[in-house]
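Shown below is the structure under consideration.
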Amino acid sequence: MPWIRVDLSEGRSVEQKQKTAQAITDALVEFCNCSPESVSIIFNDVSSDDWAFGGTLLSQRAKKG
Amino acid sequence: MPWIRVDLSEGRSVEQKQKTAQAITDALVEFCNCSPESVSIIFNDVSSDDWAFGGTLLSQRAKKG
Amino acid sequence: MPWIRVDLSEGRSVEQKQKTAQAITDALVEFCNCSPESVSIIFNDVSSDDWAFGGTLLSQRAKKG
Amino acid sequence: MPWIRVDLSEGRSVEQKQKTAQAITDALVEFCNCSPESVSIIFNDVSSDDWAFGGTLLSQRAKKG
Amino acid sequence: MPWIRVDLSEGRSVEQKQKTAQAITDALVEFCNCSPESVSIIFNDVSSDDWAFGGTLLSQRAKKG
Amino acid sequence: MPWIRVDLSEGRSVEQKQKTAQAITDALVEFCNCSPESVSIIFNDVSSDDWAFGGTLLSQRAKKG
């Protein structure tokens, strides 16, 4: 039943997402009594132009170095 | 006033989304006393590389199938 | 498979939500080729102290009115 | 940096959430090269009156059962 | 038109939220050419039992501190 | 600590997002006692084919207009 949304800066491979999805699912099964089939996970890739910390977009932070 | 977010696996046409948006809006108007103009809906297409069920990404499940 | 999140100002009854959930599910089945069991919907009640339009919280707007 | 939102039917204890948070964080560190401190997770408890599957709220499904 | 969701640890007053909502709305109007009435904002109070950083819930971090 | 998600119709420049991110961060610092580094913001561009108001997608509304 649980929905898990993972907002992540872009660049992870399908293999990385697959391993992460499996591990998150295992955690929900082991610690929250969920059945594996009930766990659904969405990954959302976020561009460095769309994510800000401390008032600065990641893409601008890189420029500032 | 209501916000409705629809995360949907990618591939639906604009026409399908238009009909769905109209039907969801009608439901909020009829059952929740919302005015039609107050109902806003966002569709979010999710790639099969970004959605996992039972610990497996949809794109990987297709390969196993 | 679709996830639908409905942010709604608080005060709707369980019966209103039930009818809305059924109608939204029917829309996804009819227009997006989803199976009924795959459609999951979360309602999120939002207090008038937590929702702003035009820069004013709903609870403050009521006072001004 | 990643944000993880976990919508879960209500009833899990703080201890269950703590173990789940640790395991999800470990997964992001191991498979996505995130630093532990960068991983933030929000749990959102969802009432059985606010979650529908197959067009029926969980609370109504229990009654039918 | 923009939707802004603010997940915030609980404890802010209505007055704090009102000022924040006004300032966010002003920012969208000034920098993104939105009309004030089109800007809607939802605040979501998050309990310290429901928010984890670095694998530890805020409520548990306080105990360790 | 706060997470802010901004769903915005597509077309804003990086410069517009940067200024908006700075202003939102300043608001959270001034009115909610957050440290600047704790404020994270995600912008999500929404296509006019994916956003409906009053039951009509923005892209269809333009055609009707």
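In order of appearance the chains are A, B, C, D, E and F, and numbering begins at 1 in each one.
Operating definition for what follows: contacts are C-beta pairs under 8 Å (C-beta built on N, C-alpha and C of every residue); 3 or more make two chains touch, one makes a residue touch a chain.
Note that the structure is predicted; figures quoted are calculated from it, not measured.
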Shared interface partners, meaning chains that touch subunit A and subunit D: C, F
Repeat of interface A-D, chosen from A-F, B-E or E-F - more than half of residue-number contact pairs shared: E-F
Same or different residue numbers at the subunit E/subunit F copy interface, by half rule: same
Chain pair with more C-beta contacts, A-C versus C-D: C-D
Whole-Å gap separating subunit C and subunit F, where each centre is the average of the chain's CA atoms: 20
Subunit B-subunit C separation of Cα centroids, rounded to whole Å: 13
Multi-partner residues of subunit A (at least 2 other chains): 1, 3, 7, 26, 40, 42, 51, 53
Chain pairs that touch, as defined at the top of this document: A-B, A-C, A-D, A-F, B-C, B-E, B-F, C-D, C-E, D-E, D-F, E-F
Residues of subunit E defined as touching subunit C within the complex: 14, 17-18, 21-22, 25-26, 36-37, 39-45
Sites on subunit C touched by subunit B in the complex: 1-9, 12, 16, 19-20, 23-24, 26-28, 30-32, 51, 53
Subunit A partner contacts - residues on subunit B that touch it in the complex: 7, 46, 49-57, 59-60
Subunit B - residues contacting subunit E, complex: 1, 3, 40, 42
